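As structure tokens, here come the structures.
Two complexes are shown next, each including subunit A; its partner changes from subunit B in the first to subunit C in the second.
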Partner chain A sequence: MPAELAGYREWSGKTRSPWRASWSIVRTGVLMILRRWVFWLLIGLGLLNFLLNFALIYLKATLTIQNEAVGQFLDAYKVTGTGEAYADFMEGQATITALLLAFAGANLVGSDYRQGGMIYYLSRRIERRHYIVGKLMSVGAVVTMIATLPTIALFIEYGVLSSSLDYFFENGRILVGILGYGLVLAVVQSLLLFAIASWVHRAVPLVMCWLGVFVLLRLLADTARAISDDRRWLLLGIWENMDRVGSWCFGAGNPDKTPSVGLCLTVLVGLCIICLIVIVRRVRAIEVVT
Partner chain B sequence: MSSEKTASERPSALQPSALFSACVHLLRLTLSRQFWSRQTVVGLALSLLCVMITFAWTLHRDPSSKRLIEMMLVPAFLAFLMPVFAICYGASAVGGDREDRTLIYLLITSIPRPLIYLTKFIAAWLLATGWSVGVLWVLCTVAGQPGNEAFDVFLLPTVFGCTAYVSLFLLVGAAFRHGTIISLAYWFFLEVLFGNMPGIVKRISVAFHTRCMVYESGSALELGPAGRVAREMFLPVSGETARTVILISSAILLAAGMLIFSRREYRDLS
Partner chain C sequence: MSAPESPRTASPATAGAVAELRSVTKWYGPVIGVNDLDLTIGPGITGLLGPNGAGKTTLIKLLAGLLHPSLGKVTVSGRSAASSAAKEHIGYCPDVDAFYEEMSGRRFVRTMARLHGMSKSEAKERAEIALAEVGMTDRADRRLRGYSKGMRQRIKLAQALVHDPAMLIVDEPLNGVDPVGRRELMELFRGFRDRGKAVLVSSHILHEMDALAERVIFMGRGRILASGTLAEIREMLDEHPLHVRLRSSQARELAAQLIRWEDVKGIELRDEEEFSLEVRRPDAFFQRLGDFVVAESIDVSALETTDASAEAVFDYIMSSAARA
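Let's look at the complex of A and B:
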């Protein structure tokens, strides 16, 4: 039977860039995550810190007008509206994000390997790079939802509740810092998660690997530093490197501290390159069984 | 006579010896499936990393049992590896079958559901406790003389801690579809965050009671939380109380798990 009779016909419309498929992958991935109640439970727990800070900023703005001493007292809880305070908040959120990503990684990447989603995606008119970028952006979107967006909300709240809008004009660097820190978290964590999930697809070993990377490497770094009395060993702590580079985006942190921001950035870039190589090697439309 | 015959012919009415044999077979199958899995490989890698850290620690200028426990065994083993092993084998004992869609084959057998759950618990407990004690022994051996003293201090708390964690995470795995993630969230929020809070709120965590047992059995070494403020705010209970709490809560969690597993209608089996 001719293909035309079976209903097949040539696409006569205008073809769009395959990069639009990456956006579809992001949309599908985020919606898939948001459909799970476990994610909402985790996001709720993750936003407790945000709600606390939100309430404290509101209290400070309200009470400082009546009693300045109360505002100074609340400053002890880091609601000072400075870059350092936002960096600390983002560091706290990054911890929650790591937990969420353990869940997201198994669903977004691991399930594609287990259930053949990758073969489906790569059978469409997209290439590996479109799929990889789509998945990385999906993970990045989760990081942004938990870490970057709540921080921007706090920044806006602080500015709106201050006596004038000068806060926004005088602290433009803070907004750059929030976006910079968010970008560091999103890029490094999405690449690392994708690389790990491409090797360990199931939730349990993925969670173990993911936690091991963050907890044990830090412990190894601390032990090695204590033995050799060389602070450069701290570069093994990926989380600390991200925090150092993120704080630098805010202009916070001691620039003379060892290891330097440049070294931390170099380690993170090296890690990202390694992860990217692993990802490219592991993303294949077919699986060769020997 | 005829009613006896009918009862014996029913597939659900297994003879005790056949039931025992089926349970033993299920135990062996569960042990084998759980042990020869990717999580065991990852667990081995994490344990090797811990051994490396401990070996690096032995090069420290002043290694002592107290420092080994406070700097290495409490943060790396008690607070991280032991709960992770329990999550790995506890939450996935039933959860793994659900994920692999093999739970239906288990549920259509003639073994009563409470016995299936109990068998899964024994398998998960054996694996988690075996791994934890094995890793503890290796860590203490690598640490040398300070490790020998530390092993005695940690052995009983490890067994008790594993029992409580496994019974809890097995229950979570049987009750919820994403048991691993919920167990992980529980571990992070209740064990790590609440476990380090000042006051009595930390008493709901397993880690607190395990640490109390460690501090009491290592009282000769003057063990305790690092720092004066942390010591004053820790408010420990006696080792006897901690053991009793862990045993009673484990029994309650196991009974609750058996009840939930028996009554639950799993809708995602195929």
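Let's look at the complex of A and C:
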């Protein structure tokens, strides 16, 4: 159709900061996951876990008044409103998120390399750093959506259903813990996924690598520890490191346990730096590979 | 962390050069992609021709800001091609056929507009205009995975046009498009040119470049072998005189006259009414021939060049380059 018939007129609008354009990458990434029914199986699992906890908190708040035995029964499910309970819930949700990212990583990041789609991004008014931040945020958004936001919802529900709103004032540390644990999960998983998916683009190898990082390294850590009787080998377990640092955010966990939280945090920071270097190099390398 | 929002600068397309390469060299490790290129691209349609490995894609990516030159400088609208400011003026339509297949065409174009820094409402409006321009308005809600090759080409063009760039860079746009679609796309490029914009088209379909491009760039081995209008380039090929076919009821008499001209290298009579000539300096020859037939009242029923097409010129240049 000729431009005139299309009502063509030249655009003279304002362009916004490229950082705001990064949000488009986030939105595209999240929608890409939500559009596939196969990912909904895992999202549904997370939702189920959330609804179960939501219902248990509600039952505890309403039925304990009538029958204390019910409250003791529900305590077996750790519906205690303590930091430890939320940390456990977040760990469960994080497991589901890790599984989801294992399968979705090929779509979120790998496809940009495999099919050369990255040039659509980089030919726009954004630079490589905006692309990297956008992609990291899209993975982080998935983690937040499944692990952090449901935990905040449970925290609010517990406080609202408590006898007084003092619960919120007395347990401010829990909210810090939820946000802290969520941040650790989002940052580490997004950097790790991006770094791996930039090398391993296809779904099946990516799933194997992703799970290998968490499962095989843990097995290796246990074996090395058993052989040398040195608990510092446990630092190889990335999942456990995230859990220790996350629990520390809640003020939970044994501070005297070896390896210390500081060491766990150091390992995670080191891992994140390595991932970031890999990501930057791989995004630069797109010059050669396409 | 965020940079201040900036008003979009006026399109510089009408102000002469849109893109410039100055002494640009690009290495991929030990392999040279393009070698010491100097080039200016202004408004109008420019064809980029060359065999595989000639450096066409490297040149395009340098202009689109996807590659940084190893040496030299690439500027678009006076700014480094890799900068955000320069990308405002470039619409890049790659040959890569990769999309998020679950997205609809409309959503894809809107997303690309948002990536360009447009607000939601602006992106929506501009996407509709771009879709209308490529004739995809009615089909844009279908998922990309269900599109034919031609429809995908149109959607790729729409995403390149969505921000109203000063320069459109299209890599092999006519591949896989049916003849009707090709004609429409060529009309689209012409319409874009008519608005004072620049279009750089890389294509292997040489005979269509004849009809489309006002200026061509021949590339080989990472260098620009020739650039200019086809006629200009053709005239520079001294060792390949232009072949002209001429039909006249007075063919023998006319041939006898023309063989004496210094620009005519040779004549071959085909039959009583037709002969072919080998001509040097075609512009001067055609000027003189025109004056001559008018002055002598000679009846000329047909006059055509047989090897001035992009394909013939391309073959000559490539054979020269291979010997060099």
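Here, the second predicted complex is superposed on the first by the 270 of 290 C-alpha atoms of A that agree within 3 Å, B and C clash if a C-alpha of one lies under 4 Å from a C-alpha of the other, contacts with A are read in each partner's own complex, and residues count from 1 in each chain.
Assume contacts are C-beta pairs under 8 Å (C-beta built on N, C-alpha and C of every residue); 3 or more make two chains touch, one makes a residue touch a chain.
These numbers were taken from a predicted model, which means no experiment stands behind them.
Engineer: Between subunit B and subunit C, pick out the one touching the greater number of residues of subunit A.
Structural biologist: Answer, by number of touched residues of subunit A: C.
Engineer: Could you look at A:Ala203 and tell me whether it touches subunit B, subunit C, both or neither (first, second, both, neither)?
Structural biologist: In the superposed model, A:Ala203 contacts subunit B only, not subunit C.
Engineer: Go through the superposed model and pick first if A:Gly212 touches only subunit B, second if only subunit C, both, or neither.
Structural biologist: First partner only.
Engineer: Could you say whether A:Ala102 touches subunit B, subunit C, both of them, or neither, answering first, second, both or neither?
Structural biologist: Only subunit B is touched by A:Ala102; subunit C is not.
Engineer: Tell me the contact category for A:Leu42 with respect to subunit B and subunit C: first, second, both or neither.
Structural biologist: Only subunit B; A:Leu42 stays clear of subunit C.
Engineer: Taking the superposition on A as described, I'd like to know which of subunit B and subunit C A:Ser123 touches: first, second, both or neither.
Structural biologist: In the superposition, A:Ser123 touches subunit C alone.
Engineer: I'd like to know which partner A:Ile25 touches here: subunit B for first, subunit C for second, both or neither.
Structural biologist: Only subunit C is touched by A:Ile25; subunit B is not.
Engineer: Under the contact definition given at the top, report the residues of subunit A touching subunit B in one complex and subunit C in the other.
Structural biologist: In subunit A, positions 36 sit in both the subunit B and subunit C interfaces.
Engineer: Using the touch rule from the top, collect the residues of subunit A that touch subunit B in their complex.
Structural biologist: That would be residues 36, 38, 41-42, 45, 99, 102-103, 200, 202-205, 207-209, 211-212, 215-217, 219-220, 223-224, 226-227 of subunit A.
Engineer: What part of subunit B is in contact with subunit A in the complex they form?
Structural biologist: The contact residues of subunit B facing subunit A are 37-39, 41-43, 45-46, 49-50, 52-53, 56-57, 59-60, 71-72, 75-76, 80, 84, 87-88, 91-92, 96, 99, 176, 178, 180-182, 184-185, 188-189.
Engineer: What residues on subunit C touch subunit A, complex-wise?
Structural biologist: Contact set of subunit C toward subunit A: 1-8, 10-11, 28-29, 61, 64-68, 82, 84, 87-88, 90, 92, 94, 96, 98-100, 102-103, 111-112, 114-119, 122, 126, 129, 132-135, 159, 163-164, 187-188, 191-192, 195.
Engineer: In their shared complex, at which residues does subunit A touch subunit C?
Structural biologist: Per the stated touch rule, the residues are 1-3, 5-21, 23-25, 27-28, 32, 35-36, 111, 115-117, 119-127, 286-288, 290.
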